[in-house]
Amino acid sequence: MFFASDNAGPAHPSIIEAMATGNDGYQMPYGNDTIMEKVRDRLRVIFEAPEAAVYLVATGTAANSLALATYCQPWQTVYCSPVAHIFEDECNSPEFYMGGAKLTLVGDSDKMTPDALRAAMGHEARIAVHSAQPGPLSITQATEKGRIYTCDEIAALSAIAADLGQPTHLDGARFANALVALGCTAAEMTWKAGVDVVSFGGTKNGCIGVEAVIFFDPAKAWEFELRRKRGAHLFSKHRYLSAQMLAYLEGDLWLDLARQSNARMAMLAEGLRKIGASFVQEPQANMVFARLPRATHKRLKDAGALYYLTIGELEGDDETELLTGRFVCDWSLPEAEIRRFLDIAAG
Amino acid sequence: MFFASDNAGPAHPSIIEAMATGNDGYQMPYGNDTIMEKVRDRLRVIFEAPEAAVYLVATGTAANSLALATYCQPWQTVYCSPVAHIFEDECNSPEFYMGGAKLTLVGDSDKMTPDALRAAMGHEARIAVHSAQPGPLSITQATEKGRIYTCDEIAALSAIAADLGQPTHLDGARFANALVALGCTAAEMTWKAGVDVVSFGGTKNGCIGVEAVIFFDPAKAWEFELRRKRGAHLFSKHRYLSAQMLAYLEGDLWLDLARQSNARMAMLAEGLRKIGASFVQEPQANMVFARLPRATHKRLKDAGALYYLTIGELEGDDETELLTGRFVCDWSLPEAEIRRFLDIAAG
Amino acid sequence: MFFASDNAGPAHPSIIEAMATGNDGYQMPYGNDTIMEKVRDRLRVIFEAPEAAVYLVATGTAANSLALATYCQPWQTVYCSPVAHIFEDECNSPEFYMGGAKLTLVGDSDKMTPDALRAAMGHEARIAVHSAQPGPLSITQATEKGRIYTCDEIAALSAIAADLGQPTHLDGARFANALVALGCTAAEMTWKAGVDVVSFGGTKNGCIGVEAVIFFDPAKAWEFELRRKRGAHLFSKHRYLSAQMLAYLEGDLWLDLARQSNARMAMLAEGLRKIGASFVQEPQANMVFARLPRATHKRLKDAGALYYLTIGELEGDDETELLTGRFVCDWSLPEAEIRRFLDIAAG
Amino acid sequence: MFFASDNAGPAHPSIIEAMATGNDGYQMPYGNDTIMEKVRDRLRVIFEAPEAAVYLVATGTAANSLALATYCQPWQTVYCSPVAHIFEDECNSPEFYMGGAKLTLVGDSDKMTPDALRAAMGHEARIAVHSAQPGPLSITQATEKGRIYTCDEIAALSAIAADLGQPTHLDGARFANALVALGCTAAEMTWKAGVDVVSFGGTKNGCIGVEAVIFFDPAKAWEFELRRKRGAHLFSKHRYLSAQMLAYLEGDLWLDLARQSNARMAMLAEGLRKIGASFVQEPQANMVFARLPRATHKRLKDAGALYYLTIGELEGDDETELLTGRFVCDWSLPEAEIRRFLDIAAG
């Protein structure tokens, strides 16, 4: 009963197999392997972006930090939500890669609104050389709270950034989960909505450890390559990153896995609702924040369920007090585990 | 006939298999997987260092940069040879991680001497607040030219650094190749010789992409963890790094693979010598720089042999001019390929 | 009628004279001048801190950035108010000097409260290696809104930081203005209240350009010296910084000048109140944010009064709409100018 | 008898007076003072560069670090001589400002040659993404050994950099000394010889602490302003930097002072030659490295002469052994002091 994260389950067997097939003979190192050529071609087709610059790194934080650094000067500030992974969960990695740029928090929710963004950007733009200068916008899709921006919402935000001459970054650690939930194309969710660079996640959705960084403006390519090398994120045996990504894309495995984890979440949410749980926000992808009585949490934890309490402490006397838990479903979660979990939760 | 590098061959089948066995069920992320516990235990035994702090990253440059940054203040300078990988081949990654520290080049060879080190360190120490302050010593073992420091040589260098209160880092991208050549223990080649932190390479010696960083002083552990995360080098699905490393260590695979690549080099060198090649330096591990006439190089390249010319250009009229090539043997290189190469070289 | 800032008026004649007296003959460079010895002695007496490490730099931003960098690791975050000069007005200089550390905003006012600080620090401390680690607290005294922390308030905040093992920095760009308003000693307002390092301002209070950085823990001295040099803030002809600071301290000039600017503000505030202005906060030092009708602002601006509108735009039809202006009095402001300003304001 | 440096003598009385005249009334802060307009105009005339972007900072290290950072990416390397101030005497400040870029040492002398520069640049350009990328060239004029590049020599070097698309920086801490020695125009020694940005020194040549940074390409202006602010080098009371520089330029004071210090050096050198001293290099500006017997040095030091021994130790038995001293003449050095020094040296 593992609901703690989607970074703890196994990789999909096809990804593991790809390591073996990619292992054949010699391959030029440092991204010059022949598998990478196929990856590049495939992602350009998926994104309908024949000129896009496509790179692979092994961690989502590397993808985000390197993508942002390529677009943000050290005296600028990145606009993001107050629960953005780049702000909360990367131990100042973006600031490190950007040479000391700031992150400016927009609004008070996981989903930024145009008004909040306009307010934040207006503030920075005001005081000439003294304040941090406006820099890129970074949107997380799906958000860290499991919600999804519509393509129109992304377009509305990116347009505000573009008005200040600033690009838009999409942190797509759960890109596939959002895409299948929206039912749109990768192009619609990105460059057609004003996105300039995407962190295209593989790791959380069934890979071993691989993320693509996709620049729709190929003029950024060489700088990114130098930044990746300087950040120590260029793999010598790059073929194994390529092999993962190729297997992930082949036969739309990436979409299938995302549909599966979203479906598991839908099943879990329905069950939780039935036993009276309320949700901080309606789940739209593979994550939910649900309120359950302390007694229920105790029962679940005692039975070995793994997940994080985000509001409230397990210890306490009031068995009816509602505590909020974060529940994430990864692609590999068996339905039987969800049923067992719900049975225990039902008491 | 691939002699260009030891980063282009396949991973050993046991490493690939380990990805599958490591893929079973849920594992806590971010280095808290149970496989890592075994890796830590095993490396502590191998290094006879029960207190050592042990971490994994995916690239050698990350291992070097993070290890050095943990020991080097931004106003200091690292002492290394003029052909050190950290100086020549990491695109300012050490400087990036160290916040703008310098690298001071010691002597004019791949192997630093005590006299050259003393001269370099004396220079920096002289001018109070104005000059870069002395920082760590970094030794590459085996060197970038395929040579090996004896344990006594390492001890002599580290003692000079220690006299200035500075630690010693060992870049062990080819640690195993050096160890089997010397026939000593891992402890003798490191902490018993005054080494404080090791980049313990796996990638070049048959892994997919994994390097251990081993601090003999566990007080550095927490700072390293924060630096690794901030550098975006902490894997969420860390289990796959652990699994590689465990398989690499089990049954002394790491030593077997190094013995194999060194043996291939010995076979190659003997053959080259027979056809009249001279060596810049006697090969001691799995690399040699050999002088051959232009005509021989042309024949080899025409036949598809892959390696780098480091001195001289292939194009040219004087067929007898000696050009220097770098030849590296990885563990997977078939003996038949060496024989074929030598046959072609013999003309 | 210059009320725009206290960084635009002349230096006090004694400071100017000191440049001439300091100009005599040769003086050892880089802080080894004999005048600096006197400055160090004098500040140690004033702060009742015979062991304090005392340094001079030329700008307040340098004082803040260097002081914070000495205490803050790149993976940490500094706690400050959302209007802190280090956050709003230094163009990412602290982040640059700290190697990419964050600033975490505490509460929503210029004066931090213990509750707000506790909430902010608790948040950061929560998520292990993933989030920014807790770092120093930075308090501005007087605040950027012209208010003053009591010594008890400072002590309450610094105690919370100390509980997390973190030091407290005081941005004292207007240190003297606060001190004379409180009527306490420099020791009471700093180390006796838990402050570890002070940016002791001279520039805004009648100097040409000099700020002292005072560490109560002398163990930080050498690191600060290296950071100052590396930041390019070590003056070769340091004697002229020393001469300014010595003249500033002699005969309590610094206190007299602060009393004078505070008194001017009191006079201005009383006059503004009489003509019906309301204040965002009661002025406690030499700055006030006052609400006046648009018509009044127009009259003042037309007459040449210089100050910033912080809320509202001068252009507009509603002559009675209240717009907020920021008014600062420096030591040199003639009383006659204030009277003239008030006459115009009265209409 | 102070020959240790040209950073320890008094400022010229005109510079001190300028502090008083610049002190009149209110002046807009942060470089918007009216004096700065005159400085800008004057320097544009002197350099025959009506579009040049002109800025002031207080230290030579700040001028160099900020100028280089504006032109050098963090993954590049700056080419300079092995005795360059930026390499030897700035405690990694350039690396700090450049975000971890390297400095590559060219040749083995204070004056770089085209051949040495070509060799160094060729080396870096070779290895694709792995090595530091070529960056700006930095020439010190006059050199740290007191020698001078002719305009043709500067042009020859800058042309090599330009061939690689790289700009040329001139560290002109002793710009005036070089200019009067060459008898050319400021334009001839800079942009007409291919120089893109100049650190134009005032401090060593009679000012209190002021250096101009002059970009001949005004497109660099805004980035430099942001870098200066972020580096904490933007003075609020900037008028006092402007006042110094204006006085320095008025009536060609800067040229007169340089002629005076050069003439003092010529007098010293002639005297030293007469008593048998040999010079490491013929002095061309206001500095010489002279070999004198240990006995002579002892006599001079005993009599209170201040200067640095750069080769050899004062202590020693062999009274005839030649030790090298560095002797610098600043503008204020009295001729009588030189005569006294020579008398003592003569024995």
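Note that the chains are named A, B, C and D in the order they appear, and that numbering of residues resets to 1 at the start of each chain.
Here, contacts are C-beta pairs under 8 Å (C-beta built on N, C-alpha and C of every residue); 3 or more make two chains touch, one makes a residue touch a chain.
What you are looking at is a predicted structure, and each value in this text was computed from that prediction instead of being measured.
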| item | value |
| --- | --- |
| Repeated interface matching C-D, over half of the contact pairs identical, chosen among A-B, B-D or A-D | A-B |
| From subunit D, the most remote chain by mean C-alpha position | A |
| Same-site or different-site touching of subunit B by its copy subunit C, using the half cut | same |
| Between subunit C and subunit A, distance of the C-alpha-averaged centres to the nearest whole Å | 41 |
| Rounded Å distance, subunit B centre to subunit C centre (Cα mean) | 51 |
| Subunit A and subunit B: spacing of chain centres that average the CA atoms, whole Å | 34 |
| Two or more partner chains touched - positions in subunit B | 74-75, 90-92, 96, 99-100, 129-130, 133, 226, 229-230, 234 |
| Residues of subunit D that touch subunit C when the two form their complex | 2, 5, 7-11, 13, 16, 19-20, 23-29, 57-62, 65-66, 90-93, 96-97, 203-204, 208-209, 226, 229-237, 240, 306 |
| Subunit C - residues contacting subunit A, complex | 74-77, 88-92, 95-96, 98-103, 127, 129-133 |
| For the subunit A and subunit D complex, residues of the former touching the latter | 30, 73-75, 99-100, 129-130, 133, 225-227, 229-230, 234 |
